[in-house]
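Dropping the structures in below, format is structure tokens.
Each of the two complexes below includes subunit A, the first together with subunit B, the second together with subunit C.
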Partner chain A sequence: MENTIENLEAKFQAKLDAEIKIEPKDWMPDKYRKTLVRQISQHAHSEIVGMLPEGNWITRAPSLRRKIGLLAKVQDEGGHGLYLYSAAETLGTSRDQMFEDLNSGKAKYSSIFNYPTLTWADIGAVGWLVDGAAIMNQVMLTRASYGPYARAMVRICKEESFHQRQGYEITMALAQGSPEQKEMAQDALNRWWWPSLMMFGPSDAESTHSAQSMAWKIKRKSNDELRQSFVDATVPQAEFLGLTLPDKDLKWNEERGHYDYGAIDWDEFWQVVKGGGPCNKDRLKVRNKAYNEGAWVREAAMAHAEKRAERKKNN
Partner chain B sequence: MENKEVLFDYVLRIADNALILGHRVSELCGHGPSLETDIGLTNIALDLVGHARVLLQYAADVEGKGRTDDDLAFLRDIREFKNVLLVEQPNGNFANTIARQFLFDTFNYHFFAALTNSKDENLVAIAKKSIKEVTYHYRYSAEWVIRLGDGTEESHEKMQSALNEIWDYAGEMFVADEVDKQMLAEGIGVDLNAIKALWEERVTAILKEATLDKPEDGWIQKGGKQGKHTEQMGFVLAEIQWMQRAYPGMEW
Partner chain C sequence: MSKKDWPLWEVFIRSKAGLHHKHAGSLHATDEEMAMENARDVYTRRQEGISIWVVESKNITASVPDDGDMLFDAAKTKPYRHPTFYDIPDEIGHM
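Up next, the complex of A and B:
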């Protein structure tokens, strides 16, 4: 069969239909490639920007055990960034290019990391809710049609569920602690609940990329479906802790077999996406600073590697 | 000093070196020059705080006053911290961070290796458990000294000035005081003279490979082992201890 564009497209579609993974060397439509680069790099950026709000509590963690747990978690997030950048690189975009897009503000990362971690309880809430919401999305992505992405997700998911348990456990210690600790936990939940629901993105009706991503089997579930699963999973967890989710419309709907929840403030969502969140500027400033100030180190490492290779050749 | 007190002090010194250096390195988490170094250094911080924890648990046992590892980490004041001044020095640029790490890791590797022959079973167990990680740090920071020294002109210059700047703080690791001498006499502690020779040999070899000059020995800045610290240390403790001071007596 001749490799006309029609044939290539048909072959690609046949693979999708047969649930065969698309691999880096396979032909793929340009838009599929672009969508993946955008999504995977955005995901990678979220992992490394996410290191900042949590990293800022490592030095102040209230016990050695918690400090160790948090260090391990933040290290994992760096590792997730690494797997994901590598997956995106298989599509022909360099890591430097992706970093530059992040630093210039062209590429996005999860808006949740534009909220500040103000108290120790936020570290609990972030693990419980933010990693919890991430898992909903990521478990789905272990079945994504692009092989390297799906495989990166399998490794990542194992660690994310550990993070979620760790966050829940931090929150539990506070919920069962002194009145001050319980108040701290409730306050963190109040601040993180709605932004966590926003993590799933706009409603299906509003979501620009969703339908095509589902057709390409990158995404398998809609934003609203994932959000609903998250709410359903989290409500009993909060009840168990004796904490209250900050939504007066939240109630079990017998007919649907799901929890109903109140209206999400999409104006806030878009404000944060567009750069107006409490920490957008800080996060980018920190990333730019690390990248720019680290340039001489990366150059040195490269220069040294070249010298080494040269010496080896001449020996 | 009674034997138990001497041992307590000796264990605290080892623990505090790990805790304070681990803290310094952890400040960099997410701010490093590359994702790989961020992960590498965070991993080192994690190991060091892990070592500090088991050592402080043992110190608390030795003391026998019902204090815990967390009490020792979060509720001692500056004069009771016994780490060498080297490890409390600020991160500076990446070359400063690596210089501090390299001088300490080289010491720490030989120190832990020697500690596996201690007469104190607990220290032997801790040293044996940590030596793999300590060995990894020892290689990691030496590799970076070589990369930066024998990298670009800029990195060479930065690495050289970083070494020159921190050099005065290296000597304290080898200055044996009464505590060191008594622990050595009892077969518990490590012979710092022997470690010094091993340290010199390794540092000289790595600097040579890195095309760097070994700085001249000058003043030795010391006092940390006796709880006399640099001004930096107060701020380090303010940060580490803030939660436990603000919310005393709670479980986390």
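Up next, the complex of A and C:
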């Protein structure tokens, strides 16, 4: 068979239909490649920027047990960023290019990290809700059609299972503590609940990339399906803690077999996506500072390696 | 790859004695020593291995996907390389 674009596309689609993974050197449509580079690099950026709101509390964790847990979690996020950057690089982009896109504000990352972590209870809410929502999405992505992305997701999901439990335990300790502590946990839940629901992205009717990503088997479930699974999983967890999800429309729908929930404020979502969230500017400022101030270390390490290689050659 | 990027390395981990080293992923490092240190930090944070190999990615020669048919199809027509191709009476038992 001749390698015309039509033939190549048909072969590509046949592979997807047969659930055969696409690997880096396989032929793939340009748009599939571009979609993956965008999605995987955004995902990597989210892991890296996600270290900031939590890193904020490492030095102020209330006990050694809490501190080592949080440290390990933030260290994991750094590792997860690296797995994902590597997966994106197999598609022909470079680490340097991706950093540049992040630091210049051109690339997006998950908007949830543009909200501040105001109290220790926020670290509980972030682990429980934000990681809970991320895991819901990532478990689906372990079955993504692009091999390196799916493999990175398998590793990430294995490691992240402690993240949510860590957050829930923190929230539970507060919810079962003094009235002031319980109030703190409730306040954090009030602030993180809606942004967590927004993490799944626009509703199916509004989502620009969803349909194509599903056809390419990058995504396996729609934004609304994932959001519903998250709500259904979280309601009993909140009830157990005696905390109230801040949604007066939240109630069990016998007919659907799911919880109904209230309308999401999509204006707020788009405002944060477009840079108007409480911490957008600060996150980028911190990223740029770290990157720029680390430049001499990267250059020195490379110069040292080159010198060593030269010396080896001459011996 | 951009010039500013450090070289790319592939990481292989032996999870326990008796098993093969298996590809775990890749990372950037300036030289083999840093590649080894980074591999330890990135890929063995939870006792995933007892031995690490790092190989600079550019030193790996890979087969070309388009040559797949040429390389691997011939084996499809050689069932006589498998034990089930040969008829042995049941009375003989396991062989």
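Keep this in mind: the second predicted complex is superposed on the first by the 315 of 315 C-alpha atoms of A that agree within 3 Å, B and C clash if a C-alpha of one lies under 4 Å from a C-alpha of the other, contacts with A are read in each partner's own complex, and residues count from 1 in each chain.
Quick note on the criterion: contacts are C-beta pairs under 8 Å (C-beta built on N, C-alpha and C of every residue); 3 or more make two chains touch, one makes a residue touch a chain.
As the structure is a prediction and not an experimental result, all values here were calculated from the model.
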{"item": "Simultaneous placement of subunit C and subunit B on subunit A, clash or fit", "value": "fit"}
{"item": "Touching partner for A:Glu23 - first (subunit B), second (subunit C), both, neither", "value": "second"}
{"item": "Touch count on subunit A, higher of subunit B and subunit C", "value": "B"}
{"item": "Partner chain in contact with A:Glu159 - subunit B first, subunit C second, else both or neither", "value": "second"}
{"item": "Which of subunit B and subunit C A:Lys248 touches, first, second, both or neither", "value": "neither"}
{"item": "Partner chain in contact with A:Arg256 - subunit B first, subunit C second, else both or neither", "value": "neither"}
{"item": "Spatial angle subunit C-subunit A-subunit B, Cα centroids [nearest 10 degrees]", "value": "80"}
{"item": "Contacts of A:Gln75 with subunit B and subunit C, given as first, second, both or neither", "value": "both"}
{"item": "First (subunit B), second (subunit C), both or neither touched by A:Trp120", "value": "first"}
{"item": "Which superposed partner A:Lys313 touches (first subunit B, second subunit C, both, neither)", "value": "neither"}
{"item": "First, second, both or neither for A:His304, with subunit B first and subunit C second", "value": "both"}
{"item": "Nearest-approach distance, in Å, of subunit C Cα atoms to those of subunit B in the combined model", "value": "6"}
{"item": "Doubly contacted subunit A residues - partners subunit C and subunit B", "value": "75, 79, 82, 298, 301, 304"}
{"item": "For the subunit B and subunit A complex, residues of the former touching the latter", "value": "23, 26-27, 29-39, 42-43, 45-46, 49-50, 52-53, 56, 69-70, 73-74, 93-94, 146-148, 150-152, 154-155, 158, 239-240, 242-244, 247, 250-252"}
{"item": "Touch list for subunit A against partner subunit C, complex", "value": "23, 25-27, 75-76, 79, 82-83, 86, 89, 94-97, 151-152, 155, 159, 298, 301-302, 304-305, 308-309"}
{"item": "Subunit C residues touching subunit A - in the complex, by the definition given at the top", "value": "1-2, 4-6, 8, 25-28, 30-31, 34, 41-42, 45-46, 62, 64-65"}
{"item": "Complex contact set, residues of subunit A against subunit B", "value": "48, 51-52, 55, 58-68, 71-72, 74-75, 78-79, 81-82, 85, 120, 170, 173-174, 177-178, 180-181, 286, 289-290, 293-301, 303-304, 307"}
